[in-house]
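Below, each structure is written out as structure tokens.
Shared between the two complexes below is chain A, which pairs with chain B and chain C, respectively.
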Partner chain A sequence: MIQIVNGLVYGSFLYVLAVGLVLIFGLRRVTNFAHGGFFMVGAYVSYAAAVHLGFWTGMVVSVAALALFGVLLDRFVFRPLSKEEPIVTLLVTFGLLFVLEDLVRTIWGKDFISVAAPDALAGSVMLFGSQFPVYRLFVIGVAVIVALGLALWLRATRVGLYVRASSVDPVTTGMQGVDTDRLSAFVVAIGTGLAGLSGTIAGPLMALSPSMGGYIIIDCFIVVVTGGLTSFTGAFVAALVIGQFHNLGLVYLPEVASVIPLLIMVLVLGLRPQGLAGTGK
Partner chain B sequence: MNGSKRVLLSIASAVSLALALPGAAGAAKEPLKIGVPTALTGTYSALGDEAKRAVEFAVNEANAAGGADGRKVEVRFLDTEAKPELARQQAEKLALEGFNIMTATIASGEVLAIGPMLNRWNAMFVATINKANDITGKQCQARLFRVNRPDNSDAAVVQPWLKTRKEAKWAIVAADIAWGRNSGESFKAAAGATGKSVVSENYPPFGSNDYAAHIRKVLDSGAEGVWVALAGRDAITFARQAKQFGLFEKVTTGGVSFTTDGTVKVLGDVVKGIHTIVNYSATLDTPANKKFVADWAKAYPGEAPINFQGETYIGMQIILQAVKRSGSVKPADVAKAISGGTFETILGTQVMRKADNQLIGPNFFGLVEEAGGKLQPVIKMTVPAELATPVPDGSCKL
Partner chain C sequence: MSEPVSRVAPTVGATGPAPRAASGRMLVSAVLLLAAGVAVPWLVGSQLMLTLMTQAVIYAILATAIGFLIRQNGLTSFGHAAFFGLAVYLLALNGKFDLVPAEVAVLAAIALPAALAFAAGLVIVRLPPLAFSMITLAVAQSLHELMLRWRELANGDDGMPVRLPSTLFGFGVELFQSPSTMFVVCWCALVLVVLALAALSRSHFGVLTVAIRENEERARYIGYQTLVPRAVVFAISGAIGGLAGVLFALYNAFATPGALHWSLSGEALIMAVIGGAKAVWGPPLGAMVFFVVKDAVGDLTEHWPAIIGATLIVVTVMLPHGLSGLVERIVRRLKDNRP
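Our next item is the complex of A and B:
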């Protein structure tokens, strides 16, 4: 049972990172290869702020800084390139990833950094008869809050309605008087802000390094594609399924554990080419 | 111009040429070109950076002293990301560009990919960090040398340590790469030889983000001790997560390349009290090492050389001495000078065993504790060179 909770932690972590990709793809139709870079920058910004201001302020600073970066990214990269072939934007984001890695390497150096969990989350609790870190439960909690928050925002607010409309048909949505450029900037900011949030929660879980985004982004793309590219629900289910099978694979089938997420993606796309919850559009 | 003037002019020209030629020949002496295909990015990037600094230090030191055999020493680094296939490509690029005396690669799998190509590339390689037994075992090569301690040497150190331990049941967590597998097998053999049992074997993928499943397996296995063979980013991520699960408090922990000077600096108290193989330490009390440590502190103020830097510097010392001895920078000549040679290193006088190209050297075992005002791996047991470098098992056919 405790191994299932462990799988839930990894799945939750994947979801918080992957859902940012879903948001950006949904509005801008951009396959954002730099997302792993944003995650990495988020982790470093949070670490730098936390050294002076504590973990929680570090989290706020990281999310805000990355959201601001998202606005600039949308204004000066995604928007000017929106009329170009998708491969152009994809290549630009790929290049941006290298720029971000070099930037972080220049500022913080190449040495690994390890971040301790905040005092309030540093202990452990008994769960199914085993000692379980509180911080890992916090990661699950963050994913639940993000999932519920996004669902409420998209389903119960006017801006959410515009986002859903614009992700289906941006031209018609624009003709109805919605400022789709402003809307896109807002959504990209939320997407990159979530990368900042996931970078922050990654700090006490894994070593910080300029190339840390590369270790996680492949699993994120697998989540997004398996979930159906633009579906938030699909990404949520895919992240939990992949996190679970990844973890159980490590326990029961360690020899093939690393390819299990890929096998799940191939299986899902074979049965439903549009993904778990995609519309196929 | 009359006859005598013509003769005088000819003599003067000849004298001038004779005077100029040795100088011209000296200036044209071929430089020593060191190629370093190493991990500058990725899981082992910090390790690659450590090795890079050691090579740079040795190169600067040699050039400041007039070069190697009067030759300028040049160095070129290319990134391998610690991936064997990329390492092979980068090493080939270096060899083709003339940087064909190579060293300081991080992962064993990289060296095993480079080794078989050395003759074809007209290159040679000195391993300084790589532990897989096969490098000087069944995949040994005439132009492939190793100066650091292999896994079977670490096992030779672990065995006497295990004898002193009361824990009977052990678990293994090692990276799923050539070195990790090798290290796990070596530990298992040492455990078997000392009457201990291994109740859980875990080989997480290289570059893992989450070790929770493996940590849980170790905790559930009933193991009283765990042996960890993870390095670089893997070591830091594992240690942080293991601490959160209370693993280090529940079982005795030991490891190799796990709690190095570098990882202890990053993790601090998280790894205090962990037992560790120490392949090199700046605290080793030899005159040559003291000088090296003092010179290092001048080059990098406030710093002491750490394990991979000490080992890589030994590799550079041997290359430089072999170039001087052979009077050549041709890989075949330098390799010939290294094979079976005796060298002065920071660990004293050491011999490169001709049978398998393994440098015979001592090995150490220690504990992460406070010493000299800082937390660091501290040597508690020294195994002399003849015991710490097991005799060749016959698998190497040179």
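Our next item is the complex of A and C:
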């Protein structure tokens, strides 16, 4: 039972990371291959800021820095390349991944760094008869807030309406007078800001290292593709399922845990090539 | 294969030379290239240089596999190290557990990546190209994690030696481990792979897969089964990746998870992009340039990842068809200017 909660923690965390990619894909029809790199940079930035300013300020700094990074990414990569084939953007962001990893290795070194949970969340509670760290429950809470926040924003605000419209058809949305370029800068900033947020919450969950992005991107990409690329609900369900199986794998078959999510994806895509909630486009 | 060549060649290169002359020229240049490769160890005295060149040729084969996939399927693999590393580890594990004779293992290390690529291809080549790229990266990384975590099997980050018998296919194993002879072996493998792929591109199958790449729906309406040819292209690409891994394992006699890491996939992809995947000879050219530059930057190799990342960005934006595209453009201009 406690393992299922652990799986939920990992799934929640994956959702926060993956939904950023879904947002960006919806508007720009491209994937940021450096998303794992952004996640890693977010983790290191919040770690560096938290040393002086505490965990919570570190989180704000990390999200803000990564969101700013997202605006620059949209302005200088996504927008100029939007007329090219998507693969061009993929290759450019992939190049960015190399640069980011080298940068982090140069600044912080390649050794593992562990981060403690903030004092307010450091304890543990009794859950199903065993001790469970409060911090892990906090991770679930963050994912719930992100999911509800996004749903409210997309369903109930004018900007959210524009975002949804633009994910369906960016050209027509532009013709209706929506400034899709400005919208896209905003959405990409949220997407990368979420990478910063997930990097921050990853700190106390796993150790920091320059290779953490390469590790997490496995499950993140699998979640996005399994969910159907454009669907927030699809990403949510896929994150919870993949997170659950990944965690059970870690407990019962630790050696081969990394390939289990892959098998689930192959199974889902074999039955539904367009993904869980994809439209097949 | 010669009959379909003459039938379909006009659609491939209406402006190119006549098909028979083209295949004749291809054969002559292949013989010349093979001869040149055999001559290299006599011309290059430095063992260090030969070692570097041997490695360059092995990576060139991997880059060629990626280029072939881009050209025939329009799909970009960000995880070709999966096939490369799989071959390396198959040989290493066979040496450890003594399962089958080394010759069989070598063949299996090419056949198994191909079979896995075919099976996976049936599912993943149907995805949008973008999702395909994401999944190839995820597959390779999860194999990397597998070898890293399963310490009892593969000794984790420390890697494991590839134990080989003293003779392989009747040759002494030193043949594969001395740079002066291994260079020739790898070079011949590269030339034959490029030649075979060039012939394949001109065959009925090659033209069919290009047609599917351009418009799958239309190819299906004409009455072609489109999924299997695409999976076969992926399988061939996987087999070539496996071949590169086999050569690497024979030469270095050591396996580490690095052979599966995304940065290896990325480097090979970058070679293909620098060289340009439109021409069969583009990716090998890119690999050569890659190694010359790597040698030239010398002290800066500590920041090598940042350098290749930046290079990838610049080349993708400035030279979308790579060096081979540039060369072809210059050649065409020179021809046009001639009266």
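Brief remarks follow.
Convention: the second predicted complex is superposed on the first by the 273 of 281 C-alpha atoms of A that agree within 3 Å, B and C clash if a C-alpha of one lies under 4 Å from a C-alpha of the other, contacts with A are read in each partner's own complex, and residues count from 1 in each chain.
As a convention for this text, contacts are C-beta pairs under 8 Å (C-beta built on N, C-alpha and C of every residue); 3 or more make two chains touch, one makes a residue touch a chain.
Note that the structure is predicted; figures quoted are calculated from it, not measured.
On the superposed chain A, the positions of chain B and chain C overlap enough to count as a clash.
In the superposed model, A:Pro254 makes contact with both chain B and chain C.
Using the contact criterion defined above for the overlaid structures, shared-chain residue A:Leu154 touches neither chain B nor chain C, since it reaches no partner.
In the superposition on chain A, contact is made by A:Leu90 with chain C only, not with chain B. Residue contacts after overlaying the shared chain place A:Gly270 against chain C, while chain B stays out of touching range.
In the superposition on chain A, A:Val61 contacts neither chain B nor chain C. By the touch criterion stated above, A:Tyr215 is placed in contact with chain B and with chain C alike. Of the two partner chains placed by the overlay, neither chain B nor chain C lies in contact with A:Val41. Chain A uses residues 101, 214-215, 254, 257-258 to touch chain B in one structure and chain C in the other.
Those residues of chain B that touch chain A in the complex are listed here as 40-43, 45-46, 49, 202-205, 207, 209-210, 212-214, 216-217, 219, 232-233, 236-237, 239-241, 244-246, 262-263, 265-267, 270. Residue ranges on chain C touching chain A, taken from their complex, read 76, 78, 120, 123-124, 126-131, 133-135, 137-139, 141-143, 145-146, 149-150, 152-153, 261-263, 266, 269-270, 273, 303-306, 308-313, 316-317, 320. On the side of chain A, the complex with chain B involves touching residues 2-3, 6, 9-10, 13, 101, 110-114, 117, 124, 130-133, 135-136, 204-207, 209-212, 214-216, 247-248, 250-251, 254, 257-258.
For chain A in complex with chain C, the touching residues are 25, 30-31, 33, 81, 84, 86-88, 90-92, 94-99, 101-103, 105-106, 214-215, 217-219, 221-222, 224-225, 229, 254-259, 261-262, 265-266, 269-270, 273, 281.
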